[in-house]
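Every chain is named by a letter (A, B, C and D) in the order it is written, and numbering of its residues begins at 1.
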Amino acid sequence: MSKTAVRPSALRAGAFAALVAASFMAAPSSVLAADPIKIGSVVSATGPASFLGDPEQKTLKLYVEALNKKGGLMGRPVELVLYDDGGDANKARTFATRLIEDDKVIAMVGGTTTGTTMAMIPVFEDAKVAFISLAGAIEIVEPVRAFVFKTPHTDKTACQKIFEDLKGRKLTKIGMISGTDGFGKSMRAQCLKVIGDYGISVLADESYGPSDADMTPQLNKIKNTAGVQALVNPGFGQGPAIVTRNYAQLGISVPLYQSHGVASKSFIDLAGAAAEGVRLPAPALLIADKLAGTDPQKAVVTEYKKSYESATGQPVSTFGGYAYDGIQILVSAIERAKSVEPQKIRDAVEATKNHVGTTGIYNMSAKDHLGLGTESFRMLEIRKGDWVPLAGVQN
Amino acid sequence: MSEFLQLVFSGLTVGAVYALVALGFTLVYNASDVINFAQGDFVMIGGMGTVFLAAAGFSLPLATLIAILAAVVVGLLLHRLAVEPARGASPVTLIMITIGASIFIKGVAQLVFDKQFHSLPPFSGADPISIGGASFLPQSLWVIGGTLAILIALWLFLEKTLLGKALLATAANRLAALLVGINVRVVLALAFAVSAAIGAVAGILVTPITLTRYDVGTLFALKGFAAAMVGGMGHPVGAVAGGLLIGLMEAFGAGYVSSTYKDAVAFVMILVVLFAMPQGLFGRRSLERV
Amino acid sequence: MTILEAENLGISFGGLRAVDGVSFAVAAGEVFSIIGPNGAGKTTLFNLVTGIYRAGRNGRIRIAGEDVTSLGPHLLVRRGMARTFQNLQIFFRMTALENVMVGCHLSEKTSFLADLFGWPTVARQNRATRERALALMERLGLAQYARAEAGSLPYGVLKRLEIARALATEPKVLLLDEPAAGCNAVETEVLDRLIADIAKSGVAVVLIEHDMKLVMKISDRVLVLTHGRRLAEGAPAVVRNDAGVISAYLGDAGATEANRAHG
Amino acid sequence: MLAAVVTSRLATLLFLALVIAVVPVLAPSSFYLRVASLVWIFALAALGLTILMGYAGQVSLGHAGFLGIGAYAVAVGPARLGLDPLLSFFLGAALCGLVAYAVGKPILRLKGYYLAIATLGFGLIVALVLHSEAAVTGGPDGIQVARITLFGWRISGATTWYWVTAGALMIGAALALNIAASPSGRTLRALHDSEVAATGVGVDVAARKLAAFVVSAVYAGVAGGLLALMNGFITPETASFMHSIELVAMVIIGGTGSVLGAVVGSAFLTVLPQALTILQEYEQAVLGLLIMVFMIFLPAGIVSSLKRFVLDRAP
């Protein structure tokens, strides 16, 4: 018995050693021809936030591909080192470490959700490498962290845009139904913060889970709340589409406001006829074809829309647009810095001025690592299955 | 009253889908003692398959049929290539295999389909029907009616056909079934096929209401499993009752308690039921035989 | 001295009265057998006595005079009641020795925390338990199987292993449910001596058994059950000749036949 | 026999120590140390489940709930209650034990799949609370975790955390092995095989299950606390259902009931996704496929199946 007792552990040793060895050999070692510039990215291409991460991933890949076709950056090819964190903050953190320690990237564009972004921030701050986040929450850039930037508008501006519109229609009592996902919860909190400035009050405040299939119970409650003059739905993914359908099903007559979380044309397809009359704040990207020729964003928005839709066959989304803006800001910063030194890249990103993106026009500074104002949002209404910019709120 | 009615409609519609998934769990469990966590993915295959086939130009009925067949093929492959070779392994190992299969199916689905949400047009219009101050979509009737139809068809199949009886016999006693000449392997494959078909039909019925995506299966598996357990594992009527109960609890939870904690309300109810009846609503109170 | 007293035990399953108002008492050193046709309620009676089923409202169980009616099964073991099972309940993934060592667990002086932190007392306790279990296995002629995985042992050995495990709890009363089932003549012979030996050591033995030869040979008293009720009770010779017992076992025709043979 | 148990117990620990000592030597960058640290942390949680599932045979599909409680304790304690991070860490582990006691008492009466669904419900409710009570937990966006200082020494850096987590795993493994070889371990394994028989020799089955549940919850809580402290940031995702499944998968894939199995299982599911990134969009499918293949061909888990394979061929 004591003889055989040694065997299993010896075998265990072998098995474990093999596993460990396998893990180390598995490190990717794909090398491009002329010493490429490595740009890192960690996005949630799968998992609950894949609705955001998938277009981001595709956009980044397409952009880098096109960039390399045009001869790359400063005469060197660009390598995009892209990892999928599945929406898990812990995995995101691991991949961030991998980008820094193993892949030795010079900058990073990614971080689909606020959670994954916040988990990765310390890695880039410690390594002193610029990190352009694609997530919404204001905490990412407030307080300002030396190496962290972001491209999406904050939820606060979306709320302000909605409330401005409500105020214009003299609607002051609203019902809210928010997703309990990061996006919905964060936007709800931001809306409640600024709502007082507009003299608007919330009479009914409901929520739904990220994968809920039916919101009639919550909407019915709002419907039965006396005095509700409008309905606001902060949320992303399938939630807003189902809310919109249930809203129509219950025959709720007050106006419905969605947020920039609906993000793409597929919302109209999913919500169908129920989407008629829904209003939302959105970046210029959604109405690329309707922009006036003089609109400063016309060119960039049209270009991105064309390249994305022809390559993927899917409608362009604002989330992909964030990634597009992020990588463009980075590439332009590298060009201006004429260097791949992380510190210089960071300085150049911070110096971004009048950068016309799909989301808006960026003017960053040492105090503002986002650089977008409310004017980047346009108020849209859905009419006959298409976005229609509302007059008077266009800039 | 109208609010109560509204919640009932909502709960029954969602609950009917849970019931169908739970029914799939039950069929496979009865025949093979396997808890098939890929059951929810059949729902996804049904919905996504129909969406993409319809988009590819197939007529809706034909797309539906092919999608169901696709789910059945996947179910048969799952049985033949993953469950059958592991015969005799412990239940946890078999569960792990089906979880692996579920991850695999989702992984393939995101390649074959995409990662976007999709919908199907409702079968008979989108104009809500109003009853007693509550309104619901015609598609809800399709879901509830479809569930009933499947239940009746399943009952007829199990009680009136030789094959169905073979399935029941195998469920009751595998060895005895083998001894009386039932081809147990065929029967097990049949159980996987039928449960896959039921899952796919559920997916097709519900997609016009709830939308679908490559990874909706996880949620359905979770709720369906809970429904099967609360009803009493292995009991078809229990599975349906469990599904409807959970659907209703979620609706009432959201409507009367808190929309944030509605899932908690449903699960607390499940716990209460299990404390009172440790074998589920319809499970036999088994006295330990020693 | 009376060790086990069971009074008026009864239970129903789905309207069927499986055991109905059965009472008996067993003294130290006595071998008390319960016989009856299949389905008479013998094992159910055991389950009532050992607390696996709850005795009916009027039922009472006493061990050495203490009322233990409402105690759970594991507490009854602490009071000195041990049993074996009709369908083997062996710890199949443990060695035979470990099976018996688990039986010693009540006499082990250790706690979960001590075990977790591996205090020196644990090793000492392990050694003591092992020795006690080995001695017990020796006594039952199981020593050579000590290190074998229980799942690999033959049926007859496992039957004895269950007895060893039950004895490890140091019972005052031992309930054996068909110990001779599936045993060959030689094994039955060994069992016969073993049971007598256990009884001689002062343990009250309650036996369910179908092997009538064995029952008649080693029992001090026999209780006959049929349809959950007591049919007869007494010394083996008395019960053997009871007309009711014969008809219950052999049917009425058989009873007539038996009568003729006697007459 | 006892000698054999002791030697194999020592052998397991020595082997584990050897692996722990060798990894830093081979690791080309601190990224590998981080991955290894994660392996040790999840192995610790899986070890807790090994005690519950492998020894006592009781399944829990809600153990990520305890991971979450332990993790949020070290985040919420200092941030909202002004507690010392180290104190919060131990309080978190203790809280896991308490919660496990309160929850386990009623639900451990349930058996098999019914217990599975009840624990699953527990895990979901924990995740839901962490998600919803944003004022305390920070909601779905997560919460910052204060860095831990020990006698004026700030614990940070991949190397430091490597040794901290490895040390925790060694302690956890030693304790788990202690239990296995003890009277309590025997009763756990006994009730795993037959509750009726265990009761029949006087084992208080309910109390024993509860003890195993509490200990396994504390393991998960400690693992969660370490994870939060190491990452410096935590989201409710930690307590998600998929994480519970992952922990169970680690135990089963590694080899139920084996201490090294828990470590191997944790390594399998932590290292594999890192290795599979080269497959890009095929990653998920291949991961699922590998899990299936391993479970079909090594049904008792990697460690246990290989052990059996060798023992069967041993002369």
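Note that a residue touches a chain if its C-beta (ideal position, glycine included) is under 8 Å from a C-beta of that chain, and two chains touch if they have at least 3 such contacts.
Remember, it's a predicted structure, so these values are computed and weren't measured experimentally.
Undergrad: From chain B, how many touching-chain steps at minimum until you land on chain D?
TA: 1
Undergrad: State which chain is most central when centres are taken as means of Cα atoms.
TA: Closest chain centre to the overall C-alpha centroid: D.
Undergrad: Of the pairs A-D and C-D, which shows more C-beta pairs in contact?
TA: Pair with more contacting C-beta pairs, A-D versus C-D: A-D.
Undergrad: From the centre of chain D, which other chain's Cα mean sits the farthest off?
TA: Measuring from the centre of chain D, the most distant chain centre belongs to C.
Undergrad: If you average the Cα atoms of chain A and of chain C to get two centres, how far apart are those centres in Å?
TA: The computed centroid separation for chain A versus chain C comes out at 71 Å.
Undergrad: Provide the C-alpha centroid distance between chain A and chain D, rounded to the nearest whole angstrom.
TA: Taking the average C-alpha coordinate of chain A and of chain D, the gap between them is 33 Å.
Undergrad: Would you mind pulling out the distance in Å between where the CA atoms of chain B average out and where those of chain C do?
TA: Here chain B and chain C have centroids separated by 47 Å.
Undergrad: If you average the CA atoms of chain C and of chain D, how far apart do the two points sit, in angstrom?
TA: Chain centres of chain C and chain D, defined by C-alpha means, are spaced 42 Å apart.
Undergrad: Touching two or more other chains, which residues of chain B qualify?
TA: 110, 260, 263, 288, 290, in rising order.
Undergrad: Identify all positions of chain A at which a residue touches two or more other chains, and write them in rising order.
TA: Correct list: 1, 45-46, 180.
Undergrad: What positions in chain D touch 2 or more of the other chains?
TA: Where chain D meets two or more other chains at a single residue, that happens at 1, 132, 196, 281, 283-284.
Undergrad: Taking the touch rule as given, give the residues of chain D at its contact with chain B in the complex, in rising order.
TA: Chain D reaches chain B through residues 53, 59, 106-107, 109-111, 113-114, 116-118, 120-121, 124-125, 128-129, 132, 196, 241-242, 245, 248-249, 252-253, 256, 281-292, 295-296, 299-300.
Undergrad: Applying the document's contact rule, which stretches of chain D touch chain A when the two form their complex?
TA: 1, 3-4, 7-8, 11-12, 15, 18-19, 23, 26-32, 34-35, 38, 131-132, 134, 139-142, 144, 158, 227, 231-235, 237-238, 260, 263-264, 267-268, 271, 273-278, 280-281, 283-284, 302-303, 306-307, 310-311, 314
Undergrad: Given the complex with chain D, which residues does chain A contribute to the contact?
TA: That would be residues 1-2, 4-9, 11-13, 15-17, 19-20, 22-24, 26-28, 30, 45-46, 82-84, 87-91, 93-94, 97-98, 100-102, 113-116, 118-119, 121-122, 137, 139, 180-182, 185-186, 189 of chain A.
Undergrad: What does chain A use to touch chain B in their complex?
TA: 45-47, 50-51, 54, 180, 206-209, 211, 213-214, 216-218, 220-221, 224, 237-238, 241-242, 245, 248-251, 266, 269-270, 272-274, 314
Undergrad: How about chain D: which of its residues touch chain C in the complex?
TA: Its residues touching chain C are 1-2, 174-175, 178-179, 181-187, 189-190, 192-194, 196-205, 211, 215.
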